[in-house]
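This is the structure I want to talk about, given as structure tokens.
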Amino acid sequence: MDISFFSRGIKLSRQVTSGKIEQIPPSERVVLPLQQGSGPPAELSIEIGDAVEVGQTLARGASNSGADLHASISGEVTAIEDLHFPNGTTVKALVIEGDGKDTWIEPDRDDKPLIASPDELLERIRCGGVIREGGETKSLAQVIDEAMSPRGHLFSTGSTVAKPVRHIAVRFADQDPHLNALAALTATIGDETADLDLGVKVLAAITGAEQIHFVLDNKQNSPGVDKLAEENDYVVLRLDAANYPDLSSPMVARAVSGKEPDTAFKRVHENGILVLDVDTVLQTALAVRDRRPVVDRLITVYGPAGAGVFKARLGTPLADIVSAAGQEKNIGKMVLGGPMKGLAHHTLDFPLTKEIPAITLFAQNQVTLAVNDPCVGCGLCAMVCPIRLTPGMLSRYCEFSSWDLAQEAHLFSCIECGCCAYVCPAGRSMVQFMVQGKTELLSTRRSES
Amino acid sequence: MTNQRLVVSISPHIKNGRTVRRMIVTTIAALMPATLWGFYQFGLDAVALVAVGITAACGTEALISRLAGKTSSLGDGHAVLTGLVLALLVPAGAPFWLVIVGAAMAILVGKMPFGPLGGAPIYPALVGLLIVATSWPNEIKSYVQPTTAPIELKAQGAADAEFPRDAVLIDPSDEAEYKTADLFLGKQVGPIGVISPLLLLLGGLFLILRRVSRWQAPFGFLIGMGLAAGIGHALDPSGCASASFHLFTGSAMFGAFFLCTDWSSTPVTPWGMFLFGLIGGGLAVLLRIAGLPYGAVPWAIVIMSLATPIFDRITPTPFGKVASHA
Amino acid sequence: MKTLTQEFTKGLWEQIPPFRLVLGLCPTLAVTKSLEGGWGMGLATTFVLVCSNIFISALRNVIPPKVRIATFIVIIATFVVITELVMKAYTPMLSETLGVFIPLIVVNCIILGRAEAFASKNGVGRSLLDGLGIGLGFTLALAVLGALRELLGTGKLTMFAQANLDLTIIPLGEGREFLFKFMVDPPGAFVCLGAMLLLMNLISERSARSKAA
Amino acid sequence: MRNKIWFMAVVLGVVAFLAGLALSGVKGMTTPIIEKRILEQKIKPSLDKFFDGLDLENDCIEDRQVLDLGKDARGRKQVTTLFLGKKGGKTVVAALQTKAAGFGGDIEVLTAFSLDDKKILGVKTLSQSETMGLGARVSNDAEPFIQQFGGMNYSDGVAMRSNGGQVDAISGATVSSVAFTAAVNRATVLVEKNVDSAAAN
């Protein structure tokens, strides 16, 4: 049964990982959008026609905490074009035509990064273009910034007194049990824990966190990680990834601190608990020590032909990745991200960006369209909601534009995990209603203030 | 391949395949053991009544969908369930027209005016039942002697004063003549589908295990009935039968597992469901003691249904919120 | 400006009180157990409505605005009490059927509504026609509803009990009585009123569509 | 002028005065008719039924007497009508209207007495506004609750069984039953007190 009597959330079948990560060779043409995660787009620092090497900075992060953007192949910047994102926005994107040489810029290596000041380390993370993965995509530097100095929100009434970051939790398995990129990465780490060790220590140094937690799936076998934790007195937590969304940030935060964080406005990291994917931690280590920027991304390709984990350069057309995974036949639907939370996109002609943790493919006969019948009031959604909301009620409030009622019913606490829609017998698009409600409320509030 | 247009839809992109239709079919299946027991006890009359009830409900729904120019919603099986539940709550000796009018009213007054499935504030079958029960108080009491009931049914009509309550023989003075085990195993007089607490309990547990219904409302109802009857019996043994007698007679089990777990007319929050059941159970016992003409349990549940929006306000404190804030 | 005929006919269809204005629902639900109750209540209301409309419109230029409601109520109440006494004296059975709902005409919002919205702004002739039209519309609606409920509920139609004018429409043979008690019970009133509203809306929707076509 | 206080008072006063005038006129016209109707249509059939077969010498409607019951708590004058039936020059039966506050208002009861053997001949509800299906059952003459009064001895008054009396309540309508019984009891008291003196007249 996918609904448990004893815990909230839903039980999903877990993918067995082969522990292998396949490298996809650099493609001849990459497209790199200037927008990376939320926030304003990065500011261009090169010109069209410039020759670039791998790792060369193309754009500076907007404001002082946005991540930089780097060239992922060597070649020539040929154009700036419009790129249509699946969420409906259109963003400027740089096009690089490759020269096939794959030459890297000479990194400015620093073998003793830990003696640098926290500000310097944070700047290196920002320059390295590190993105916080898992959850709302944001520059890691920005996330740390927000975590250490929480800001009041448009709707918030609570205090905005800075809470020091007390816990850092490193997640070694994907939130969505269909995906296995992080598990595969953990398997490849093996005993080579130097990067992991460094990354954790850098983050602890920047934030001053008191306790580090390693969050693993209870099926994962990782002697190297266990050993590292033991040596440094880190806490190892094993959760059941099959019980979705137990590995999502709020649930992990609860598991590490024993206290439920406020999920309103997705600001789990402003509760003094930083939950990060292991991938992010490794990228941090590379960014501060080797000064190697983020130019590639780990990605799960999950489809009718099985699941595989790949590493590909940013900007690689998704079609290339899909064919490298051997899944190019009979595609009816493609989702950027896991099946529970990903966004569907209408074309494979889209580049790999830092925001895409996975590609989920459905064969033509697997595609089901939303029914969106009226709510029958069965209450299953209220039974599974990990946030203990009544999504059926909330979705009706949003459907009939009762925004105030929706806000009273804690609409903003919703983490959009999709459990409610997963179990809904009427096929209602619950998450859609919630998102619409949040957007509506925020925009009216903004126009009022 | 790059120009291929793919399907775009919203997350989550997988569903557990649960549909309204399947959940209703499961409910009907869970009712089958008790229904078959009723058929065995009351014979072909019962079969005919159930068939008539289902036909009338489906016919009315089809007719109204047609008149209203809507696509027929017969496919989800809810009309079948409504007709079935209505027929099961009626004694086997009831005239056909009673069931036909009841089923038609259930759909006409109880379901269709409230739009699509999920809008009805009161369980439609109960609307139909209570309309016919208040309109024809004598016909609704046409109880029939079941095949295996251990003592003979008193002459019908003459014993009308003895039949005033939800179950036949709720009169405490009759209690001694029955063994509790007999009652539990379904050897008692009553409407077609409600006489076997054992089979209804099994059906109800099946629904709960299949996650079609929640445990809170049914068990709250049973606890409420048990507590109210227990206290009543302790205070006045001649005025109130024992808890086991109340729980195992009449539509107590049926109400708990199949009426308290309706979707639209009952709350969805955990404490809301439990309190709904608890108060409803207590109310049912009170109505039985007060000597309601017919159907203490259905009436209690209908009254509680009207308070459902209030119970729905008893929401759990959301994740990460301070309890006093909610 | 509407013609005089329109002042009269608007109350019979386009502003028929319980169905269109959705006013006066209390008596609509309470006394329509029988056809007799329906038309009796309707005519009693019509009488009060016409008389109070005439007087109020005649006095409209004298009554100070600040005490107009009080004055209206005095005038309306007078006619209601007159109606009650006369009915008790001459149509006792009808008066018993309607019971407390005759004195309750005082608070029927149709009457005060017409006084405030129409009679206090229009001449005597127009007010009379308005009261007559609305009142007869009310009577018509109540009679239809009463007939529907009584027919479905008891199979009979009581035209005027005092004159023994009852009809048995659905005969079931000697000693057997047709009785669908729900229809003459209060919940049945809601269901029938809902059905009538539905019917009215359907008809006007149809006619609007055919007019547009 | 229309906004002056004195003008408002005058207009309101004049309207109220005229209304009062009209009402008292109508009241004066209709009261006898209404009284006659109640006597003929409500009381007479009941009395005929209660006194059936007694071959009374007089017409008890014609010979009715009005009893002054003093004033009630609010200082209003209370009266009731006493009907006496004679046989052989002696008053043998009496009937009396009384009322008591029930669940939805006053319940008005006509009680008929046989004076010789001190028995109630019957009771009849003249008016009530109790709950439909529960208290309103008192107006049904075939109701067991109503039937039980026939033949009851009234020398000690009547009372509910719960108060040590002999009357069984209507289940689910205790308040109405108590009020009804109280009205009947009041009638028994009044009859005891007034009938001998009335008979002497």
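To keep things simple, chains are lettered A, B, C and D as they appear, and every chain counts its residues starting from 1.
What we mean here is this: a contact is a pair of C-beta atoms (placed from the backbone, for glycine too) under 8 Å apart; a residue touches a chain by one contact, two chains touch by 3 or more.
Because the structure is a prediction, the values reported are computed rather than measured.
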Two chains joined by the most C-beta pairs in contact, as defined above: A-B
By C-alpha centroids, what is the most central chain here? B
Chain-centre distance (mean CA atoms) for chain A and chain D, in whole Å, is 85
Computed distance of Cα centres, chain B from chain A, in Å: 48
Which integer distance in Å separates the CA centroid of chain B from that of chain C? 40
Rounded to the nearest Å, the gap between Cα centres of chain C and chain D is 33
Mark out which residues of chain A touch at least two other chains, giving numbers and ranges. none
Where chain C touches two or more other chains simultaneously, the residues are 185
For chain D, residue numbers touching 2 or more other chains are none
Within their complex, chain A touches chain B through residues 1-3, 5, 10, 86, 250, 254, 260-264, 271, 317, 319, 328, 331-335, 337, 339-349, 360, 362, 367-370, 373-380, 382-383, 386-390, 392-393, 409-410, 413, 418, 421-427, 429, 431-432
In the complex, chain B residues that touch chain C: 101, 105, 109, 113, 131-132, 134-136
Complex contact set, residues of chain B against chain A: 1-16, 18-20, 22-23, 115-119, 209-212, 214-215, 263-270, 273, 312, 315-321
Per the touch rule above, chain C residues touching chain D in the complex are 59, 62-67, 70-71, 74-75, 77-78, 81-82, 85-86, 88-90, 92, 99-100, 185
Within the complex, which stretch of chain D touches chain C? 2-3, 7-8, 11-12, 15-16, 19, 22-23, 26-27, 29-30, 33-34, 37, 41, 129, 132
